[in-house]
Amino acid sequence: MEAFQQMLSQAGWAQGMQPWALSGLAMLFAGGTILGGVAVGAMFFIWTERKVAGYIQSRYGPMYVGHFHGVLQSIADGVKLLLKEDIWPTDADKFLFRIAPLLVFTGAFLSFVVLPFGPDFVGASLDIGLFYAFATSSLVVMGVIAAGWGSNNKWSLYGAMRGAAQVISYEIPLGLAVLPVVMSVGSLNLGTLAEAQRGWLWSWHLFNPIFFVSFVIYLISSLAEVNRVPFDLPETESELVSGYHTEYTGMKFAFFFLGEYADMFVVSAIAVSVFLGGWYTGIPAVDAFVPAPLVFILKSVFLVFVQIWLRWTLPRLRVDQLMYVCWKVFIPLSLANLFIYGLIRSMVG
Amino acid sequence: MTPAEVEAGLREVFGDRILSSSAVEEGRDTAWPRRIDVAVDALEEVCRYLRDSQGFDRLLCVSGIDYEGYDESGKGKHIEISRYEEDGSPTPTKPGSGDLAVVYHLHSRAHGGEVAIAARVRRTEPKVPSVGQVWPTALWAERETYDMYGIEFEGHPDLRRILLPEDWEGFPLRKDYAMPSRYHDVPLEGAPLAVRTSPREVREEKE
Amino acid sequence: MILPKLQHAPASRPGDRARTMKSELLHINMGPQHPSTHGVLRLFITTDGEVVHSVTPYIGYLHRCAEKKAEGNTYHQYIVYTDRMDYLSAMNSNWGYCMAVEKLMEINGMGVEIPEYAEYVRVIIAELNRIASHLIAFGTYGLDIGAMTPFFHALREREAILNIFEKVCGARLMYSYYVVGGVKWDIPPDALEEIELFVKLFPDKLREYNELLTTNKIFVERTANVGVIDEDLAVAYGCTGPVLRGAGVKWDLRKDQGYSIYDRFDFEIPVGGGDMGTVGDCWDRYWVRMLEMEQSLAIVEQALQQMPREGEIMAEMPRRLKIPNSEVFFRSECPKGELGFYILSDGGDVPFRCKVRSPAFHNLHVIEEVGAGQMISDLVATVGSLDLVLGEIDR
Amino acid sequence: MAAETRGPRRNPEEAFNAVGDHIGGDREQLLSFGTDEDLASVVQPGSDLVILAQVQSLFRWAQLSSIWPMTFGLACCAIEMMSAAGTRYDLDRFGAGAMRATPRQSDLMIVSGTVTAKMATRVKRLYDQMPDPKWVIAMGSCAIGGGPYFKHGYHVVKGVDMMIPVDVYVPGCPPRPEVLLEGLMRLQDKIRGKKGRLVRPKWIDDYITRIPD
């Protein structure tokens, strides 16, 4: 946002404007850019998902829509979903039913504000950035619960209950996992966290043994956070038909879809800025002439690809096994990790 | 254990309640495996005896038979097996009079023997004791036989139709069954209700 | 990491929890349109949270009057309808019916001698179809557990088998290839070559499947110790095929009854041994299918070696088959279990009565017993491991 | 044009579909495309409204490019439907590979197999639950007209078009996956309103002209 404000203040036509108007305009610009980025990015991820799935399953995936490897497939899907009839079950809770997709999408969208795409490319460089991102991304589960309850469908209800239990549980290891890094850097600002990894490749947090354990816990927990296989229990297609969004049609369903993929990017981007060196390439000489956002986005896209890859390879866990992994494996492990790191720090200094 | 030994054993225990076994004439067995007809009231006891004493631990199949129109002389005259009823109700024009029968095919894992037990009942009073207590798998098989032939299995805990809808009329595998032309608002024969065509295609066809 | 064995919630009694909290069981219809019921099976389940209290299967949504059709079609014509019962292994169903009719002719002294060449063709094609059927079972089981990719890989290899079938008889799914007295067409030489190639390449693919799914930790955790059908239960409920063998019972009609020329081949009967959990759990049933594919492959390989280069494909048969009063009950080992045909003839050219003993019908019955007390996810896993084909259950 | 085809709706909130679920009446305007004649009456040559035609063709393109079928297998044909979605035939190339388990999110119902009396009401209900615009492919002889079970099939509905309107009939018992793909392309033609490029390559025309009368 600051970057926008700066750009605007230099632009000729905005010279005479009041500072509050200027900052409001910058806010609008930043919001619009992020919104557009989220939508386009999510569509791109949907297309990627179908192509990667096709590759893994020795198929082609979308080929004809848009003439080159189905590049316009997601746009066609989006326009089509926009045109679909809007149905809601007679006995549905209309308010919840309507607000649920918005909650899911908003939750994913809000987190984008703090993602540091580069030293200057950040919507809002909040000091509590990481905290904020976790907080907003758990708004998603509110949407899931609202959708499941509001649909008045038993399968949806199951999906919602599973989603609630799962996301609330996995928030804990997710938060605990990044704490050692936060302790080390001494900041919750995502930009600062990324900044701390400047330099050669081995200065990335990933290559610290303690932080590596954190990274693994974070990566797996984030899969549960965004309801991806092997933790896609809220929408298990083979058990709960489509889970919490069974009753959703058209655009409302599209919001769930976009929200899910945007969320995938958010958790990947947080992992990149906390563990994978943010916008740094790992070679100082290269950093000078490679645009920072490009590096950051490429790294995040790679992590998204990993999530897609896992989805098309792994089966899915059962509910109780999912809870077991969280409460009896990850939480003790991350606590121990945190404790050991604290111990080392206090001893070494 | 050969079927003949099984039969001999059965005759010893149940006497004349074993009605007949498949005829062995001029060295030719007309049934495979050997089929033993038993009196209806002895059926459950016979089955229990076969399971406990003869080791027939597996019930393979329960089949109903409608003997209406069965030609004992071996000519195999053609029977009209189904008709559509105009008013939609499956009432036969000429009710049949042949017997109904239930055949149980048993198998023993212990000695590998196979045998068929049959019970023949009147069409007017199709009641057979259930063997669901002997082999649990009979529960579904008997439900199917009831569904298709209307043979009532006494002592069956849950005798409902299994394949057809619960309110289906008639027993379709009886030889005098007439096919219904509709089931509630589902037409089972007739012309399509609606075919969706776009005006453009209609126009193309006209040209 | 070792995941816990599922502790089932104790069955709640109505008065039990009423004091503290008003709660009731949830009734849900699973199907007839549900992704994991493999067709149009409807399971009426009563649940307490995630735990299933009772399962009641409702079948008949695909009841296609096959037994009535038998009474209106000649012995030869009815072969077409046996295709459509177990549509995943139509060759085996064809064969079972043809052997039943041949047996019926035999006991009436009209026995036909199936040419040796035709017997080999029958065995090869039937075993290939068994592999094709098990491939679908493997793939859809992956889908039930949540892994999409194995399904597509299984379809890929299945297409290779369907290619062979297409060369042999021109059809992909409904073959009507077996006729009473032999087979309908000869195997073209290039199809034989393709079979040889398939036999050579398929073990690699099997290894790939095992890496992808069988030994996957999550898959094992989801299927081991789940849906245990032990020997007593399997026998009492008339289960056959991989369900019975998964329970540890060494019973296979190909060996124990020894029909056709199966005594000439050297093959094993795989049984469930509880490698990952209890004997008779979902994983055992699944694993038996995987092993059976190997055994089928071995049979095909041996048959290809022993097979005479050429020969008659069909015995002399009367065009209009009329069989005197007699009856037969003949079973054969199909991929799903023992497929039996009970045929009653009365001298005409149509069977007076033809009852089909479908293996999946009896295999499904056991779900009433096994399903209760499981979690919903486990119920899906158990239903999937039974490898149901609704066309055969409902006929 | 919407008002003519669908009848006036006083209160959009009070619109119901056949199974009694609410439908958003406001969106009906968007959905009712009408026919080319309707469009021609609106878009006069030289009119400023010509952009509408472009928008409409965009809508049609989107709809035909992303036909999501329902995971709905009835009988034997379902296996061929799975094969069509599978590795060799890959329905996903046409954008039609996203099989949805719930009718709410699907555009296309492939009636793949025999419809029985017991199932017919369910098929109808599923069709009613699908949101407009929706299409139906009757796959296989059984769905078209009872197929091999026509004669003694006391429990078989002789054609799914007795219950629901069918757009494309795909014959065969069962149809090969290629035929299903062809059916899908025919459906795309139908949505497009004219024969597409994929359906008839130029060499077919050349071939036809070379055939002597």
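Things worth noting here:
Chains here go by letter, A, B, C and D, matching the order in which they are written, and residues are numbered from 1 within each.
Just so we're on the same page, a residue touches a chain if its C-beta (ideal position, glycine included) is under 8 Å from a C-beta of that chain, and two chains touch if they have at least 3 such contacts.
Because the structure is predicted, anything quoted here is derived from the model rather than measured.
Among the other chains, B has the CA centre that is most remote from the centre of subunit A. Chain geometry summary: the mean Cα position of subunit A and that of subunit B are 61 Å apart. Note on chain placement: the centre of subunit A and the centre of subunit C lie 44 Å apart, centres being C-alpha means. With centres defined as mean CA coordinates, subunit D is found 33 Å away from subunit C.
For the pair subunit B and subunit D, the distance between C-alpha centroids works out to 42 Å. Touching two or more other chains at once are residues 81-82, 163-165, 172 of subunit B. Contacts with at least two other chains are made by residues 86-87, 101, 118, 152, 154-156 of subunit D. Annotation for subunit A: residues 57-59, 237, 241 touch two or more other chains. Chain pairs that touch one another, listed by label: A-C, A-D, B-C, B-D, C-D. In the complex of the two chains, the subunit A residues touching subunit C come out as 53, 56-59, 154-155, 158, 229-230, 232, 236-241, 312-321, 324-325, 329. Listing the residues of subunit D that touch subunit A in their complex gives 16-17, 20-24, 27-28, 30-31, 58-59, 61-63, 65-66, 86-87, 90, 92-95, 97-98, 100-102, 104-105, 107, 129, 131-133, 198.
Residues 1, 3-4, 6, 26, 28, 34-36, 50, 142-149, 152-153, 156, 212-213, 216, 218-219, 221-222, 375-378, 380 of subunit C touch subunit A in their complex. Interface of subunit D with subunit B (complex): residues 35-37, 117-118, 120-121, 152, 154-159, 161-163, 165-167, 190, 193-194.
By the touch criterion given at the top, residues 32-35, 39-40, 60-65, 68-69, 71-72, 80-81, 84, 87-88, 136, 151-153, 155-156, 158-159, 162, 172-174, 390-391 of subunit C touch subunit D in their complex.
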